[in-house]
Every structure is written in C-alpha cells, then in structure tokens.
Amino acid sequence: MFQHVVILPILLPLLAGALMVIPAVSRNMVLQRRLGTVASVLAVVLAVWLLVLVDHNGTQAYAVGEWKPPFGILLVADRLATLLLLLTSVLLLAVQLFASAGEDERGRFFQPLLMFQVMGIQGAFLTGDIFNLFVFFEVLLIASYALLIHGGGKAKTAASLHYVILNLAGSALFLFALGILYGTFGTLNMADMQANAALIQNDDLYLAKVGALLLLVVFGLKAAMLPLHFWLPKAYAAAPAPVAALFAIMTKIGIYSLWRVHSAIFGEHAGALANVALPWLWPMAWLTLALGVVAVLASQSLRALAANLVIVSVGSLLLMVANPAQSTTAAGLYYLVHSTLATALIFLIAGLIMGQRGKSEDRFVRGRPLAHPRLLGGLFFIAALALIGMPPFSGFIGKALMLSAALDEGVAGWIWPPLLLSSLAALLVLSRAGSSIFWRSRGRAVPVTIDTRQLAGIGVLLVALVLMVVLAGWLTAFTDRAAADLLAGMQLVLPEGR
Amino acid sequence: MNKALLPMPIHTAVLLLTWLLLNDFSIGHLLLGSLLAVLIPWLVAPLSDPQAPVRKPGKALVYALIVLWDILRSNIEVAILVMRPNRSLRPALLALPLDIQGDLPQALLASTISLTPGTVSMDFSEDRRWLYIHALHVTDEQALLRSIKERYEAPLKEIFAC
Amino acid sequence: MTLYEWFIAALLVIGGLFTLIGALGMVKLPDLYTRLHAPTKATTMGIGCILLASMLMRLDRNEGFGIQELVISLFLFITAPVSAYMIAKAAMHLRVPLQPGSDPHRLLEKARDQQPPQ
Amino acid sequence: MEFAYALGVGFLTGAGVFLMLRGRTFPVILGLTLLSYAVNLFLFASGRLTINAAPILGTASEYTDPLPQALVLTAIVIGFAMTAFVLILAMRARADLGNDHVDGHLPPAQLSARAEQRRERREHS
Amino acid sequence: MTLLWILLLPMMGIVTPLLTERYGRNVCAAMTALPPAIALMLLLQQAPVVMSGQVPSLHAEWIPALGLNLALHLDGLAWLFCLLILGIGLLVILYARYYLSDRDSMGQFYASLILFMTAMLGVVLSANLLQLWLFWELTSISSFLLISFWSWRTDARKGARMALAVTGAGGLALLGALILIGHEVGSFDLATVLASGDLLRQSELYPVILALFLLGAFTKSAQFPFHFWLPHAMAAPTPVSSYLHSATMVKAGVFLLARFYPVLAGTDLWFVVVSLTGMATLLVGAYTALFKHDLKGLLAYSTVSHLGLITLLLGLGTALAPVAAVFHIINHAVFKASLFMAAGIIDHESGSRDMRKLNGLWQFMPVTATLAMVAASSMAGVPLLNGFLSKEMMFAETLEQYTFGALSWWVPLLATIGATFSVAYSLRFMHDVFFNGQPIDLPKTPHEPPRYMRVPVEILVVLCLLVGMFPDLMVGTLLKTAAGAVLQAPVPEFELGVWHGFNLPLLMSMLAVSGGVAIYVNRRFLFQFQSQFAERDAKLVFEASVQSLVRKAGQLHHLIDNGSMQRAMFLMLLLALVLMAWPLMDLLNTAGGRPELALNWGVVFCTALLIAGTLLTIWWSHQRLWALLALSIVGLVVSVAFAWFSAPDLALTQLSVEVVTVLLFLLALFFLPRHGPIMDGPLRIMMRDLGVSVLFGSVVGTICYALLTRPLDSISGYFLEHSKTGGGGTNVVNVILVDFRGFDTLGEITVLGIAALGIYKLLARMTLAMPSADDDGRAWARERHPALLALVSQSLLPLALLVSAYIFLRGHNMPGGGFIAGLITAIALIQQYVAHGVVWMKQRMPLSYEALIASGLLIALTAGLGSWLFGHNFLKTWYDYFYLPGVGKFELASAMVFDLGVYLTVIGATLLILANLGKLTTSERIRTGDE
Amino acid sequence: MLNTLLLWVAGVVGLALVLNAWRLVRGPSVTDRVLALDTMYINVIAMIILLGIYFDTSLYFEAALLIAMLGFVSTAAVSKYLLRGDIIE
C-alpha cells in the first residue's frame, strides 16, 4: 500500500472532485465543503508524508500500469517535487477553507474545480514524462479557466478571454515542441530524454534545440516571463479572491518546469545541448524583473499590485533559473515557496478588504472605512512585510538567500540592483496602499462579518509563513538538497522491485 | 410479444441484422447482437414516437425492389440530362397533393422521390397535404405527378393501410 | 483478370463515372434547385457501385462474410433525402431564386394552383 | 509526399497564426482551430509517414509508429475541450461586454468608424 | 541566558499592553513598563561583568545555509545602548501615560513602542550581521507604526511613509553591504567580521561595501542629504519623538558606524566621506533649526545637527574621536529626550508648538521652564552641563585631525560655526518660549503638567547636571568600556574633567557662545535673509517625486502593456518564431536521409484542397458561416490524411470531434455577430501579421519536413511487441491509450469533464441578446422541428447506438474505442436535440449529464484502483481469454472498464455542453416571446 | 491491373471533390455551399472505400461509416441554423 503514496496526491483530488460532481453531492453545499476540507487536510498529510519519505529514502518512482520506463508513464517524487506538492496542498487547504465561507456558492462546481485544479498541479509536479506533463498542464489550465470566471462579471470575462486564448496558443506551441522532441529523441520519459540529449548529433541537434527553445516559450508563458506576461495582471486582478490565491502557484509551475526541463534535461549534462536556453532566458528574466518593478510602481489597486508583485517574484526566480547552480536554485526554491504563500495571503486579504470598502474596492483611493480595521490592517501589515521581504517574515530570508547566491555566482552586479529596487518599490507602493486603504476613509463603515473559515484559511497561510521562518534552517537545508538533486540531472529511476 | 421486453420489435430485428452485417457471423455475435438489439430499443424507446405499423410486409419488399430498379433506371436518364446543355433542361416546381397521411408513410414517400434521380422533395405544405417537388426536367408535369402517385404513393398507402 | 474481376472493375468505373457526373452537375447546372439533384447520383449510383465493388472484392479475397458496406448504404439511403430536403427548405426560406429573379414562394403557390387537391 | 505534407502543415500553421492575430473572437477561434489541426498533423509527423501500415497487429507486416497517434488522439480530445470552452467564452464575452473584440472593447478607430456609420444611417433614414 | 531575557522580556511585553488596555491607563502603563523594567534590572546586574571587559554572549544555529544564526552579545557598546534604550524607554512609558489622550489607543501605542524597543535592543545585542539587519529593519517598521500613530492626520501618514521609504531604502543598501561583508569574510559572525578589518579594507569590493554601508547608516541617522525625513517624523506623538529621535532610532545609524568602526574605518575614503557628511549635517541642521517656528521642528533639526556632530567625530580618525562620539551619544540622548518631553508638555498644556505664539510661558509653568532651560543649555554646550563636555572633546579632536591636509583647519572652524548656531537656536528655544512677552492666541491657558508627567524630565535633567559636573564618576567606566568595544582595541588614556584649563577648545566654546548670542540678538536680519528663499517642504517634494515616479512608471507600463491581446499574442508568436528560427540557421540540409514516399495525384488533390480550405477560412473569416464551411473542408482533409497515413483511429476521432465542433460553432454563431469587419486593423498591422504568419508557417513547415525526412529511433517497438502479449489488444494505439499511457487518458477525460463543468458555469446567468431575425432581417422560419428530420433522426438513433457499441467493443483490437464510441453516442443524442428540441428531450430523457461525467471518471478511476487489490500499481491492467461452449474464445480485459469510463465521460461532457447551450437559448426565446 | 484502375477511379473521385469544392467557393447562395460540402462528404466516403480496396484492408470502413453519419448531422444542423438560427431550441 505504501508504494502508492506517490500517486495519491493526484488520485485523491481527482476522486474528491469526481465525487463532488455527483448531483446529490454537488447540490449539497455542506457535504461538498466537508468533503473538500477532508480532502485538503488529507492532501497536506500526504504531502508531508511523501516529503519525509523522499527526504529519508531518496527519490521515489512509481510506474503507472507497471510498464517499465521509459515506455510507461513514470511518476517521480524527488525533493523538488514533494516540496512543491506540500506547498500546493497547503495552499489548497487555505483556499478551500476561505472559499467555504461563501465564495463557493456564487456559482456551481467551485469545490470540485478546486480539486481538479490541484490534481493538475500535483500531476505536473510529479510526472516524469513530458507528454504527461502536457496533459496535466491542460488539466490545471482548463480548471483555472473555469475557476477564473467563477462568480461572473465583466472583468472576469474580459480577463478570461486573454488568459484562455493566450494559453491555448501556448498549448499549441507545447505540442509543436513535443512533436519535435519526440521526433528527435524518440522518447517521452524525461530521464530517458536527458540520457539521449548528451548523445544527440548532427542535424538532430539543431532540431532538438528548436524543441527545447520552444519549451522555453511555453514555460515562460506559464511563468509570465517577459514578453509573455500580459495575461497575468488582468487575470489575477479579476479572479475571485480564493482563486487568485490559488493562482499564486500557477506561475511557479512554469518556473518548476523550467527547472525540470532546462536545468535538468537540457542542463549541464546535456552535451551539445547543455544550457541551450540560458542565453535567451537571462535577458528576459532580467527584463521581467525590471518591468515588474515598473509595474509595481504603477499599480493602482491592491490586487493589481499583488499581481505585479507576482511578476517581480517571477523575474527574481527566473534570474535564479537563468544561473543554474546549487546555491541559486536552492535560494530560488525557498523564495518560490515564500512568494507563493505571501501572494496567496495578500489575495485573500484583498478579498476581505474589497468586501468592506464598497465601491472603492481595493483601489488606492479614499473610501469607506473598514468594518474590521485592526484585524485587516494587522493582516495586511504582515502580508506587506512578507511581500516586501522585510523581517520577521520569510521574505527577507528568501531575498537574502538570492542575493547571497547571486554573489556566489558572480552575477551580483546584474541581479542585485533590480532585486533590491524591487523591494524598495514594493515598500513604497505597499505603504501607500496601506495608508490609503486603512487610513484615508470617508463615510461610515458598513457592518460586514468575517467568517471564521475565512480567518482559518488566512491562518493556514500565516502559520505556514511563520513556520518558514522558524524552520528556515531545516527548510534551507532541504532546498539545498533538492537543488543538488535537480542539478545532478534526472536518473531513470526504476521503481523498487519492478 | 412482450411490449415491455421488446418495445420496438422491428428495430430489434433491424439491429440484429445490422450487427451481423457489421461483424462476421458467429454464435458469439449472435448472442451479443441479440443482447444489443434488445437493450438499445429498450434505452431509446422513450425517444421514439409511435408510427403507423406496416400492415403488408410482403408488399413492402416489392416496393423496395421497385424503388431500387427505378433508381438504377432513372440514374442513367438523369446522367444524360446533366451532360446535355443547360438550356435543354426544363426544370419545374411541382406540388403533389398527398393522399397518404402519417409521418412515416409521408416520409417514405418523400425519401423515395428524392432517391430516385430527377426529382427532389423540397418541402411539405404547412397542412401536410402537399408535397413540393423539384424536377430536373419535366415535359409533362401532370404525367410525372400521376406516375409518382401511382408508382409510389399507392403502394405505400397499401402497405401502411392509411 | 477473371470475369469476376472485370465485373468489379466495371462497377468501379461506373461508380467513378457517376460520382464525376454528379460533380459536373454541381458545377454546370444553373441554380441551386437543379444542383440539388446532383448528390443523388453520387450517393446512389456512385457510392453504391463502389461499395458493391468493395464487398465483392472482400468476398473474392475470402475474408468471410464481410458485407459491412451495406450498412453505409443503408445510412446514406436514409439520410440523403433528408439532407436534400433540409437544404431545399433552407433555400426556400432564404428565397434562393429558382429562375433568375424569381421568388420561390410565389412559385410554390403557382404550383398548387395548377393542381387543386383531388 | 513528405514535402506535400510539410507544405500543408506550414500552410495551416501560417493561417492559424494569422487568424489568431485578429481582433475579433470568432476569427481567433477559427485560427486556434486551424492551428490545432496543424499541431496535430505536426505531432503525428513526429512518428514519420508510412502508408498502409496501420498499427493494428495482424493487418500488415510492418507497422507505423503508434505512439504519436496516441498522443495526437489525446491532443485532439483536449483541443476539442479547449475549443468548446473558448467558443462559449467568446459568447459570454459578447453577452457581457457587448462586442466581440478580444479586448472586450472596440479600439478607438473602429469605434469612431462605427459611430460614423450610425450617423450616416440616421441621415439616410 | 540573561542576555536572551533582556531581549525576550520586552518582546513578550509587546502583547501585554494590548491585553491590559481594558483595565485602565495606570494598569496598562504599569504592565507595559514591567517587562522592560525587569530587563533593565537584568542589564544592570550584568554591569560588573561587562565593565570588567567580559562579553557575555549566546549562540544558536538557525539558518546555517544563509549564515544567519541567533547570536547575541553584550559588550560595552551594547550595554550602553541597552541602558539608553531601556532607561529612556521606561521614562517615555511613564511620560506617555499622561501625554496620550483618552481617544488614543494606549494599548496600540505601547505595543508599537515596545516592539520598537525590542527591535532596537536586537540591533545593539546582535552578534550576527544578518540578525542585526533583521532587527534593523524592524526598527524601521515599528517606527513607521509609531510615527503614523495619529493615522487620521495627513502629515502623520506622509511623514511615516517618508521615514519608512528613506530608512527602508537605506536598510536594503545595508543588507547589500552586510552580505558583501559576509561574503568577503566568509562569515556573518560579528566577532569574526570585526577581526577581519584588514581583509575588508584591502578587498576590491571595499568601496562598494562602504558606499552601501554608509547609505544604510546615513539614512537611518538622518545625515545630509538624507536628513529630510526626520523633521517630518515629528508628526508622531511627542513621546515617540523623545524616544526615537533622541536615544534610539536615529542613534542606530551612528551605532552602526561605531560598530563597524574597526573594520571599515581606517581608510581615507572613510574619513573623507564620513567627516564631510557629518560636518555638512552638523551645519545644515544647526542653521535650519534656528529658523523653525515649530518647537519640535527646531528640536528635530537640532537632532540632525547633533547626529552630524557624532558622525563627524567618527570620521575624524583621531585617537580619541570615537570616545568623544560615544560620549556625545550619551549626552545627546539625555538632553534631547528631556527637551522633547518638555516640548511635549508645552504642547500638551498650551495647545500649540508655534514659537511665534508661545511667549512668556515662564509665568505659567516655571518648573517646566527651568527644566527645559537647563536641558537647552546643555544642548547649547554651556559649562557644567553634559553637553558642554562632549562638545569640548569634539573641538579638541577637530584640532587633532589631519584628514584634509593643509585645509584641515577648516574642520575646527566649521565646527565652531555649527556650535555657534547651536547656541543660537538653543537660546531661541529658551527665550522665545519662556520669555519674550505674552502668549498670543493659545488654544489653552498654559499651566504645569500633572506631577508624574514631569518626573521623566526631572530625572533626565538631573542626569545632565550630574554628568556635567561629575563626568568621570558618572560615566567614566562606561565610556571606557563602550569605547573599547567600538575600537576593539585598548582605549587610549583620556581624562573626563570639567575643567581643562584655558585652551583652544575652550576658546572655541566661548566664541560659539558669544557668537550664538550675537546671532540670536540680531536674528531679524537673518530671518529676513532666509525668508527670500522659498522654503521647500521636504514632504511635498518627496510626495511629488513619488507621485511623478508612479506616473512615469504608469506611462512606461502602459507603453509596454496597453491591454491589447493582439499585441500580447504577436509578441508571443514572434518570440516563438525567433527561437525556432535561430537554431534552424545552423541546419545545413533541410532534407535528411530517410527515403521519401512517392507523390500521387490523390495526395496532390488533397493538399490542394487543404490549402484552398485554409485560405478560404481566412478569406471568409468575416463571413463567418462560410468560413465554418471552409473549415469543415480542412477538417475533412485532415481526417483523410490520417486515414491515408495509416492512422484509422485518428481519422475516426478527428471526424467525430469535427462534427461536434461544427455544431458548437453553429450554436455560438447564433449569438456572435455573423459578420465581422474585413479589415480589423490598419493595413500596416495586417501586413505585419501576414509577414509573421508566413514566416511562422514556413519555419514550422521546414521543421516538419526536416523531421519527416530523418530516420527515427524510438521507443515504439516496445509497444508493438507488448501490445498483444502485455495489453491484450491488437490495436496498439488503443492499447497505448488505455494501458501503456492510460494515465494520459485519465487526464484527458478529466480535461473534458472540467471543460463541461466550466462551460456550464459560463452559461449560467448568461443573458444574451437573442437575434429575432437573420442577417438580412428576415424572420426565422416558422417550423421549429421539421417532421421529416425528426422522424429520420429518431429512427437513426438505435442504429447509431449500435454502431457506437460496435466501435466501443472492438476498439481494443480494431480502430475504435471508448472515446469515439462516446462521441458517436453523444452526436446521435445531439441529433435528437436538433430534431426535437430541448424540452422534448428533457421530458423523455431526464438524464443528469453531470452524473454521467462523475460516473465516467469514477469508473475509470476504479478501473485503475482495482489493481491495488491485487497488489499492483495503479492502472495495471488485466486480461484473459475465456471459452464458452458454442461461443468460442473471447477476451475480457480490465481496460474495457477503463474505456467504459472514458465512454461515459465523453457522453456526459459533450451533452452537458451542448444541451445546456440549447437550454439557454430556449428559455430566452420563450421569455422574449419572439415567436 | 485492378490497382491501376483503382488509382484512376480515385483520381476521378478526387476530381469530383475538386469540382464540388469549386462550387463551394463559388456559391452563390449559402445553400449552394452547404450542398457542395454535403456532396464532398459523400465523395470522401467513396475515396476512403477505394483506399480500403487499394490497401486490401477493412480498417477504413468505420471511417466511411462515420462520415456517412456525421455528414448528415452537420448538413442538418447547418440547414437548421439557416432556418431557425438556433440549432438546438
């Protein structure tokens, strides 16, 4: 039974989601929510279990259908994947709880879609097969399309249109890339592909290069790398609060894939294909960060700001990816986890704030005073500190790790200025935001209740952020090991005994 | 026959036959085909409106053969017509007064007319008493209408006793 | 070539020929309603002969009792008239002219006037 | 034969790309559809072209590469789901936003052109 | 452990005020004061140890990867600062008890104050560079909260933001500096770093480190030109000012300079930059202070000036300058804290801080006046007060230094000028407020404050006197220990006396005092001179520059992202094009070695048809129905291509998907405009797009051709080999789909199911304008469901279901399978919808399509999970052959169950999409009564 | 011999396809285009059957069967669209 723990993070949400679609369940909100909470808690437990297992016993592989790799689909749970699984399930728990307060009633199928979305994400993290990665990308994308329009409204529709169409084009490019890669490598298993990459010769080399570079576009689109980031601000700003919070992980999937594919398959060990994407990734990563800073400064509402901060974090992470080394990768990994949690937190808080400010919503203008100024102010303050990268929350550790890693790699001259300036910009704008939203008010507050489940959701993220600081020693050591694993490349791990 | 078990016996027969046409004949397929032939009508029965029953199956067979022959014959005629210059064509729009009633008989008549080259059923009048027909080349409209009524409508009327 | 094969060849030729005639009709006939007659050639003689050829071929090669092609014919025979019917109906609705400048609805009335119901 | 195939794929791709760059939802979706045809053919081509070698065991002596076929099948299904979604989304956008531009609003130039038309129509009537 | 408690007690004390707020002001204040008071006692208890030169310390690992550990130490400098922080902090707590009004939230105030106190303690106690930075940033954050305490006031908000921005920026620079230092030294441990002075000074990065470091220190300590935030931080309640801007916050900067003195000082760069900055700050602060009419404004600029003085001392490079600096840190803290408190009392009891209105307060509050005047005298450097002593030391050190070579004499001269202005503004503080006629328009009649509000001032003023008169006794040892900690070396001998005889420094002092009196007496001329310069409010300047930054950023951002999807799409495709084309440039031969298939007419025709259909789709994209027909041709040809190139399964799938897609398009087209503009953009854009499309297409075509003409060595042999033996099916594609890669299929049907759910959501609450006529304004045909169509559709249904069963059952061995079968069933049912309408179908087939999707997914999942029961992995399939008499051999396989799941999901999804779309239109039309 | 003939017949059917395509392009009415497309479906069936004979395989039979079914569905739907605008009502 224990060997199946690797596939459970995919099957559990699928099962929960499918059950929730059954009409008897889907019309019973209470049942649906309970099911969702149970599934989310189980997902966290599973992820912790898997993480501990992998950290102790090394990478775990699972051959679906027991077809030996590279022929069947192999799931590979290494440290990198399990950390991201844990992150995803924590996020799921937070979002599920938050949404259970009522957001999930503003349209049908919210809870199952949440589950399907997570299934796609977890699958993308776990799979060791590049076409299977495409399939899980599509699962998570279609679920995200459906979640984005939850609740309806003009802004959501307009944002969805861009998001969906651009991503459809991205999927087409993904398939082109897969065609090229299969057409040159003759295999789909990532580890097998990596093994073949070093051997590829002659003209096939250039074709394989095309495939690898196309994947850069595909993953860059997911990650919101410049100039592929245009979908992001609108989508994040329009999405319902819990959905936006869940979307915090979306860009990270792109980053993850870049690591998997461009740091591992086409990484150091890929012979003539080694680091093929880096010369392109470098400038685009830098520009992403730079533009992120500009966009942060230009933000006029809390959600737009949070979205632009996502671009900043993406830029920072891309710079880490563009300089593949153990220190940069480890730093990026820590920062990835942090920024996902912090972004999710600010989106959830923004959701609460929006609900209390009337027409001013979350814009940086004078508005109705909040019904819970102290609570929300305190939460906002915490989230802001985390986002800026100020102590005592994990942001500063992440920033410091990245700065330090950049220094180790000798690229501090390029990376430091935008990284530090991005913090400054965030500080300027977040302080402006907080002071406008919480202090500049007019009129009288309208009583609005905050559901305990909403607080519970936020609480999950807060606890996670605090744990990231308290357990930073262990976590950084873990990310270090994960980075080492990743850069060592993917081995064609045969599942035990089979 | 048990109506509940076999709601649409003709369908069942046709389905079984089709199944055997699709697959090679074997005991296994006979069993499987029978199963499907029972199961499917049972599933689709609610979606089928009741139709006039075939009173004279033998006549129906004869009718089918006549139509087949007509298709062969008129195909050649029309092929020649098509190859001739357009100006020699005398297309016409005809209205066929309908004697037969009922969806199925009327549908069969309309289909027959369309299948035999040279004529196409275009529409029923709203009161379903007329069938509009387009003919590719008509010299004697009355004759054409009469032949349709005699050759197709009358047998159909007999088959369905309507 | 055996006589059997000659027969198959003949069927193929006839099938192809009628398909082509149908297509020629589509190109050269003057209006939609006359063109509506063309697919009938293709569906009946054209496809019928080719399907028959295929069936006979299969029998010849001794691949069992494979007359699946009959099912296709069955389908086509059932559906082709309805397709034509629907297209014609649509054309009438859209008032696609029967003869240059004509209104098909007017013509329908005229057709009925010629022949009062018996 | 390979050249003709590649030519077709190239044409489909180019056409798809061109339509995807349009400003109205319908052409864009047409473009997406064309592009997914291209993608499917391309992915299929990764197994190379073979004739009369369908990967049904027992029907031939040599078989074509079955894997890309399975991949394309998956891609077709997913593409269908996506096309359906985006099509309905386009409808929804028209309903919500009142126009069928991908940005949810008409660009200024076209807005003024439309106003012009409306004015002319008023003058005529 | 004591060390930890000194930090932890206040830290835990952050919540006490919030918890005790409800029990009244006295309780709250007392409970707030308790933890720091204990901490102070612990600190005093440590005094003998520290003064004996020992350094108690504490170390615990935290983040080894980063080099950030929990490390505390209590050396002389830290002890001194702790004393100031805790001591003055306690006085401020007492003072604030009376200062705050009932409207103010005392709990919140105290909590922020204690947070700040903790942060400050952390800064001075840190023995790890990064941990120091952590607390450093906390001081910025908590001071932000304190400055903005009266958040309803614009100046408080803006002042706080400005302070945060400047110190925050400095903090980031400092972080950079610290990481660089840690990188150079190889450790963030303070002791190690302090021992690596030579290494750092010789490092190539030294200038960068120094620049970043000083940026951090100078912004925090409000050094010129970063001093502008400090006066605006005066919007804070006065207890905050008296705490932050005397003893703590601003002192953090000079603390940092002192802390790193042994490693970073000692180069010309340091001396020149630090002393020049200090001197400039000293002069600018002192000069500006004179002209401030606001009591706190004067004190703020005075603070700036005195911080400049300390900085100047740290930059002089003489042996005793650091000692003098430390001494002035103490003295300034004491007199400035008391002055702020006095100013607060005046403000509190008179309702104004404007010195133009405040006159002759001596009559109203003689005790406070006396206290304030003593403290102000100390600030002016009057003998027998502590301020005099450190200023004398400063004068002496300016005379010792030789930083600027022959021009070094400028330093004492300018220092004297600074001191002169210092005397002048101190005089103004005393004379203008307490004498100088009668008060003008004060909101309240001034009077003495409550008894205990004055106690903190009294204590501090007494300290001024005591230190001023008995310096060696009071602070001798402390100063020696603290200076030792600064220098990290034996402290040179120095004498703390009140009287050093007549010497040059004394002369400078006398010059300063007499000059100051002279300036104050003739201040009218200076005020007049100054008034010709329009005063620039730093807050407005800062605000304007931030706004201009935001505006410029907005413009730039809009330039890049104007919200146009076409641009986004163009850039993405362009990027893809470039990235694809780039490696192709190196590809020498497009055609590879694989023999090509022979061309025939059928293929030529089909290719032509494909291209024609493609072009027509574009050409007709404005005539949308026509475009749809053209698209169908393309789909048809693609299916034929699949069939031709040995992929019957693909042909079947493509065909059935094609039809459903067309139906969807038709449904959508009913609501979308049926015509679009022929030119949907400027010609230039169209041509640009055309160019990119042509290039894109040709690149993809080239790649395709290159792939097709090269041999491939793939893993597929395995599938062909094991399909029958391992998967039990002869249709290898199907076996791949349900077995080898069944997991993909599971994902694929999930996608389909989700898409259906998503579309269901999209259709919910959708209000559509239902076209009541077609394009030409013609009303729709009256007949809803033509009878012929209805009848034929009905009769075809069983046949279609039979075919779908046929395709389903043989899928494992021949072309077909669950997906295609599902689509056929779905299409047959949709045909019923088309022929009969939604209402009819709903009545006769009340089927929940969601349930169908759910059951499909669950069946597929169960098929996969079933293998667990047999101890196998997910989706491990099973099959076997059975014999039945009469029937013969037949096969049963678990993959069929999986395929059944696929089948049901496909039906459910397709129908959920289409039937709901239909439902929507029906209800609409009935409501609008369009019939 | 028979195979050569098959190729010729396929060519003829292909020609028919092209002629029908020409009608599709020409129109002039939309019903003409629909009719042309419907006929093309039937031509493709013929083509696929010929393919099956040529390769001596029954693998393509289902494709032909499917086109027969699906061609009808689309033609009916498009006509319904022209008549009523809404194909499922």
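Chains: A, B, C, D, E and F, in written order; residue numbering restarts at 1 for each.
Throughout what follows, a contact is a pair of C-beta atoms (placed from the backbone, for glycine too) under 8 Å apart; a residue touches a chain by one contact, two chains touch by 3 or more.
All values derive from a computational prediction rather than experimental measurement.
Fewest steps needed to get from subunit B to subunit D, stepping only to touching chains, is 2.
Common partners of subunit A and subunit D, by the touch rule above, are E.
Summarising the inter-chain layout, the chain whose CA centre lies farthest from the centre of subunit F is E. The chain with its C-alpha centre at the largest distance from the centre of subunit B is E.
Chain centres here are Cα means. That of subunit B falls 75 Å from that of subunit E.
Between the Cα centres of subunit B and subunit F there is a gap of 22 Å. One finds 48 Å separating the Cα centroids of subunit A and subunit F.
Subunit D and subunit E have Cα centroids lying 39 Å from one another.
Shown for subunit E are the residues in touch with two or more other chains, namely 563, 565, 569, 573, 600, 644, 648, 669, 700, 707, 712, 714-716, 719, 740-741, 744, 748, 751, 754-755, 758, 762, 781, 783, 786, 788-789, 792, 795-796, 799, 803, 814-815, 917. For subunit F, the set of residues touching two or more other chains reads 15, 17, 30, 34, 59, 65, 69, 72, 76, 78, 80, 82-83.
Counting partner chains per residue, subunit D has residues 20, 25, 38, 40, 42, 45-47, 51-52, 54, 56, 67, 71, 74, 78, 81-82, 85, 89-90, 92, 102-103 touching two or more of them.
Annotation, chain-chain contacts: A-D, A-E, B-C, B-E, C-E, C-F, D-E, D-F, E-F (touch as defined at the top).
Interface residues of subunit C, counted against subunit F in their complex, comprise 1, 5, 8-9, 12-13, 15-17, 19-20, 22-24, 26-27, 32, 35-36, 38-39, 42-43, 46-47, 50-51, 53-54, 57-58, 61, 63, 66, 68-69, 71-72, 75-76, 79-80, 82-83, 86-87, 89-91, 93-94, 96.
Taken together, the subunit F residues at the contact with subunit D in this complex read 55, 57, 59. Taken in their complex, subunit E has these residues touching subunit C: 778, 781, 786, 788-789, 792, 795-796, 799, 803. On the side of subunit F, the complex with subunit E involves touching residues 7, 10-11, 14-15, 17-18, 21, 24-25, 30, 33-34, 37, 40-41, 44, 47-48, 51, 59-60, 62-63, 65-67, 69-70, 72-74, 76-78, 80-89. Put simply, subunit E touches subunit F in their complex at residues 600-602, 605-606, 608-609, 612-613, 616, 625-626, 629-630, 632-633, 636, 639-640, 643-644, 648, 651-652, 655-656, 658-659, 662-663, 666-667, 669-670, 771, 774, 780-781, 783-784, 786, 789, 793, 796, 800, 803, 807, 814-816, 820, 824, 827-828, 830-831, 833-835, 837-838, 914-915, 917-918, 921-922, 925.
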